[in-house]
Amino acid sequence: MNRPGYYGEWGGAFIPEVLYETFRALNAAFNRAKADPAFWQEYVSLMGTYSCRPTPLTHAENLSRHFGGAQIFIKREDLNHTGAHKANNVMGQGLLVKRMGKTRVIAETGAGQHGVATATMAAKFGFACTIYMGEEDVMRQRPNVFWMEKLGATVVPVTSGSKTLKDAINEAFRDWVTRMDDTHYVMGTVCGPHPFPEMVAWFQSIIGREAAKQIRDQFGGQPSRVYACVGGGSNAMGVFQGFLDDPKVELVGVEAGGKGLDSGMHASRLASRDGSAGVAQGYKTMFLQNSDGQMMDTHSVAAGLDYVGVSPILADLWRQGRVRFAAATDDEVMAALDLTMKKEGIIPALESAHAFVQAFKEAGELRRDEAIIINMSGRGDKDIFTIAHAFNDPSWKEFIRKKGIEYGA
Amino acid sequence: MNRPGYYGEWGGAFIPEVLYETFRALNAAFNRAKADPAFWQEYVSLMGTYSCRPTPLTHAENLSRHFGGAQIFIKREDLNHTGAHKANNVMGQGLLVKRMGKTRVIAETGAGQHGVATATMAAKFGFACTIYMGEEDVMRQRPNVFWMEKLGATVVPVTSGSKTLKDAINEAFRDWVTRMDDTHYVMGTVCGPHPFPEMVAWFQSIIGREAAKQIRDQFGGQPSRVYACVGGGSNAMGVFQGFLDDPKVELVGVEAGGKGLDSGMHASRLASRDGSAGVAQGYKTMFLQNSDGQMMDTHSVAAGLDYVGVSPILADLWRQGRVRFAAATDDEVMAALDLTMKKEGIIPALESAHAFVQAFKEAGELRRDEAIIINMSGRGDKDIFTIAHAFNDPSWKEFIRKKGIEYGA
Amino acid sequence: MELSSQITTALARGDKKILLMTHLVLGYPSLDVNRRVIAQMVENGVDLIEMQIPFSEPMADGPVIVRANQEAIEKGITVRGCLDFAREITGAHGIPFLFMTYYNILFKFGVEKFFREAREIGIKGFIIPDLPPEEGEEFFALSEKYGIAPVLIFAPTSTPERMRELSGCSRGFIYCAARKGVTGRQTDFDEEFDAYMRRCRENTALPLAVGFGISRKEDVDYLTGKADIAVIGTKTINLVAEQGVEAVGPFIAGLR
Amino acid sequence: MELSSQITTALARGDKKILLMTHLVLGYPSLDVNRRVIAQMVENGVDLIEMQIPFSEPMADGPVIVRANQEAIEKGITVRGCLDFAREITGAHGIPFLFMTYYNILFKFGVEKFFREAREIGIKGFIIPDLPPEEGEEFFALSEKYGIAPVLIFAPTSTPERMRELSGCSRGFIYCAARKGVTGRQTDFDEEFDAYMRRCRENTALPLAVGFGISRKEDVDYLTGKADIAVIGTKTINLVAEQGVEAVGPFIAGLR
């Protein structure tokens, strides 16, 4: 199969007719941008002056020593403006929106990270902004909602379905089919109908381009393996693209193992046996769905990985055997987070910590003169409510209890 | 006067005898490091791979347009690892500690920012770490305490005095006089006994070195004015050093005006009439003290500016008329923060927002072909408890109320 | 008889100046209520009925139908259950029935298997809002093979060229979405709408159904002469919820 | 009479093998209690008393004295009040009194003004733990001018060379901090301490006072022969808090 927007059998654009013209225009604008070297240059310059690109590649000497195997390098997407790789995609789409002359952006968000990034981009570019967020997530991730609102965005709680990420995506599409003329939907990951997977992968490829150069400069050769967590798959695609061409570099995607792959409470579309091919949210991929094709509830300690679908590009690379998939459980994630903080003074986001888990499992198998890269997609200090809760920290609870009483509890 | 460690009449090293040898060794190590180009190179390389240096200089086009005057550039210390300029000083001292062969670091912290930075550095370098923090601040800044502990540090609540920053400094000295052999005290700002002001200023000068080059590259000339908030004065000294030699660049330090300079509830040592010369915490400067020489309680919405003393170097530059001082009130700070978020998608720390206030007051006076730099010392998302409270956000309160009840309130 | 000839015949008879198509969500609030609602609809002169097989991600639907999908699934409706119910209904009533659903329902069931079973049941057409012609190669081939009409959708954003393209793939009729957006909100029937309808006519020879926001006799009257089929969707779901099954008959009877 | 001659004379008399110096924080818990405590101390043979003028930042003190400083300030003690009280006390008792405080108290008052007034009052010496010789140029000149002894501190970390330097600036006696750290914790009197004391002796001709953690007769006994003055600090503050003013006399009497 070689249809545009397809990766092997995955991808496509399963969109309602009302968006046909919108997608035609979007494809045209994207293809023009992609073909125009000035566009990429403008993007890189924006990311270099507004965010902190190139983000560093940190040699984690203590962790390397601790595991006694490969040299561990960490690609520091946490140092991006707004605290995660989401900024790359969002700023890139912002430039495209400006070119298309639209004045309003909408986005879905689960953890809130993409919502904050989009609200930030909208403030910077002067766009109106509406963020759709599952009602459950609005309640869980109030700090992010607070920042989105302060940045000038309207946050709409989504009350349909499981009231989480996938429902926020549906709701964003419902907005878009109503106001496509002035509005662009800033899809947050390498999913959704074509050209989104290609577009998001392109913007995120900045991670891999940098990392490929940095590992050569700092380590003097190619890494043996590259690890990234996979929610929708954008940070993974971002870093993998720097190494896809070299078959000697093994690429490892790490999904949310939740309470275990046998528990039914996870979000592993590819690493578990629970995923199956389907078409939803505008594209074809491996979904966690029942035998009727109804999407299932997923679970992860990391809201950003808690999603039923996965990038069609990754589904293809998985099918081809080019990317290996693993899963990390919630418990493993907390342990890896703890170790990383104590050994390196670095606080990965819960999402990112999934990649650390698998890297830690494997680092000791490799020789000391080999290197691995872990893509640290974001920083964890945004997750304090979840992390402190997961660590069951008594002083934190006491602090919140007192604050709650101050506010009338 | 030209005694070592003095800046005009300010500075010195008013230290107990028991630390004499420690300071002798520290001065020697620091002077060796300062004279050794390899040390600075190691420092720059560490900051480039572990933190995100050079941090960008962002042209705030929307704010510039909004005020209709000078082009506003923002130096983005918020993008440092751990979220503020504090990382520069701390990593530099970490390298020095390694050279001195010590194995334990201690630090004071007010807002918690310097504590988190020190705990981070200690984790990275494998040092034991104890952080002294006023009991009041421990209660107000629990998120930072949580991270310090998770990074492996011991946080000791200080119950003496006003239970805030100055008392934490005293307590850190009390630790140091007990364990100087294996311990280095990582002073968090350009204050304290010589060589700390010189040392911290040196490490922070990386901000100004970068900014000087960046403004030339991006604007094509010198800025007319440079604004920085002043707590102890380290971020201000950091950025000012890039422009001190050029008398045409006006340097503006902005102190905490709290509830107003006439209210008695502020922390303006130089911009108000309430400061007077004194000797405390190991150095001579302008303090907020009563006629007996007892230090007064200070107030600011920004914990990091809430301090009785100020850098002796800045006191001298103020006396010389080289740095102009102004104060921003709590209310002005909240308004500037709000505007900056909405216009640029950037969230300054409450401390940094003080610099924005003064820049906003003056930007319109300047011509469009002039430039000003605001040093954004840190990011505000760490301050959500304070900021959401100050904005009196009802949904935030409701969220905390519910969480409090979940935790037994 | 195929859907297109059924419609052409009905229109040609001349006793109805416009046909009525109604919509319901299978399993919401229950198959039993669906059964009684369908009976009322047929008795009161409805000409076609689209039965929506619930899907957990009804991207193109508005809040009322979204909730209906979700509740039907929560109450345990299955694709199997929908097919069995459809078999019973097509057996009981002589008018043409269509399935409306999202593509994953077919895909997961097996697209050809779904077509085969739908033909056995006597379903006349499929409306799949998330399946554009570009993605429908297999689907259209199977439509031909099993003689089930793929009903494509025109939108106000469709260009004349695009309409002709869609028309080429569509059978039976064209479903014209009366406005941008999702199901359930009222449509303004204005100058712009008239122009849109003229555009539709000019670019297809197929009969035109108009749906989205049609809820009153005035709406149906307005469409008469402009369109061939008026589609009543969300309105009957609300009616049943608010006034019970018995309200459906009089409502339908009063539309034309 | 100058402090040095007072001390030399007292030691030369030979009836006391070691002198006692006590410490108190002015205004804590009140000047009235200070007055009664001092009377008890003098009556029971204390040889010197250091009166600490409270400062809000007592960097070199431990928790008990820190709290005493703070509470005294909170209760309203002023530098003026301390000076007036000292004038009364030096008039009432014949032993030498010293001021212990931090440099800012002098600095803010006016260093020369402070010296002048202290001389009028009859204060014999100053102990200023945060004023090293390097910062004391003006201070030492004024000490000479007003004949008030600057008492400098040796620390276990001081090298012989440094001790000689300190000794050159010090008058009356040297205050040897018995250990690293702040006031208030017990000191281990061991081999290392003895070596430290020998180092002190070798590098100054001035009498040696030893303070920090001396609280029992055993401590004083241990110091006898090694030092010239034993300094009792935190202990009496705790004693007054726990057992009242009347406990001070017997405690002092029992030390030697």
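Each chain carries a letter (A, B, C and D) given by its place in the written order, and its residues are counted from 1.
Note that contacts are C-beta pairs under 8 Å (C-beta built on N, C-alpha and C of every residue); 3 or more make two chains touch, one makes a residue touch a chain.
What you are looking at is a predicted structure, and each value in this text was computed from that prediction instead of being measured.
Chemist: Farthest chain from chain D, going by the mean of C-alpha atoms per chain?
Modeler: With centres defined by C-alpha atoms, farthest from chain D sits C.
Chemist: For chain C and chain D, let me know how many angstrom lie between their CA-based centres, rounded off.
Modeler: 98
Chemist: Taking each chain's centre as the mean of its CA atoms, how far is chain A from chain D in angstrom?
Modeler: Spacing between the chain centres: roughly 66 Å.
Chemist: What whole-number Å value describes the gap between the mean CA coordinates of chain B and chain D?
Modeler: 38
Chemist: Residues of chain B that contact two or more other chains, please.
Modeler: none
Chemist: Give me the residue numbers in chain C that touch at least two other chains, ranges are fine.
Modeler: none
Chemist: Could you list each pair of chains that touch one another?
Modeler: Pairs satisfying the touch definition: A-B, A-C, B-D.
Chemist: Mind pulling up the chain A residues that touch chain C in the complex?
Modeler: Chain A reaches chain C through residues 12-22, 160-161, 166, 170, 173-174, 177-180, 276-282, 284, 289, 291-295.
Chemist: Considering only the defined contacts, which chain A positions touch chain B in the complex?
Modeler: The touching residues are 48-52, 55-59, 62, 76, 79-81, 83, 119-124, 126, 139, 142-143, 145-147, 150-152, 218, 338, 341-347, 381-382, 384-385, 387-388, 391, 393, 395-405, 407-409.
Chemist: In their complex, what parts of chain C are in touch with chain A?
Modeler: Touching chain A from chain C are residues 55-63, 66-67, 70, 73, 78-79, 102-105, 107-109, 129-132, 134-135, 152-159, 162, 166, 177, 180-182.
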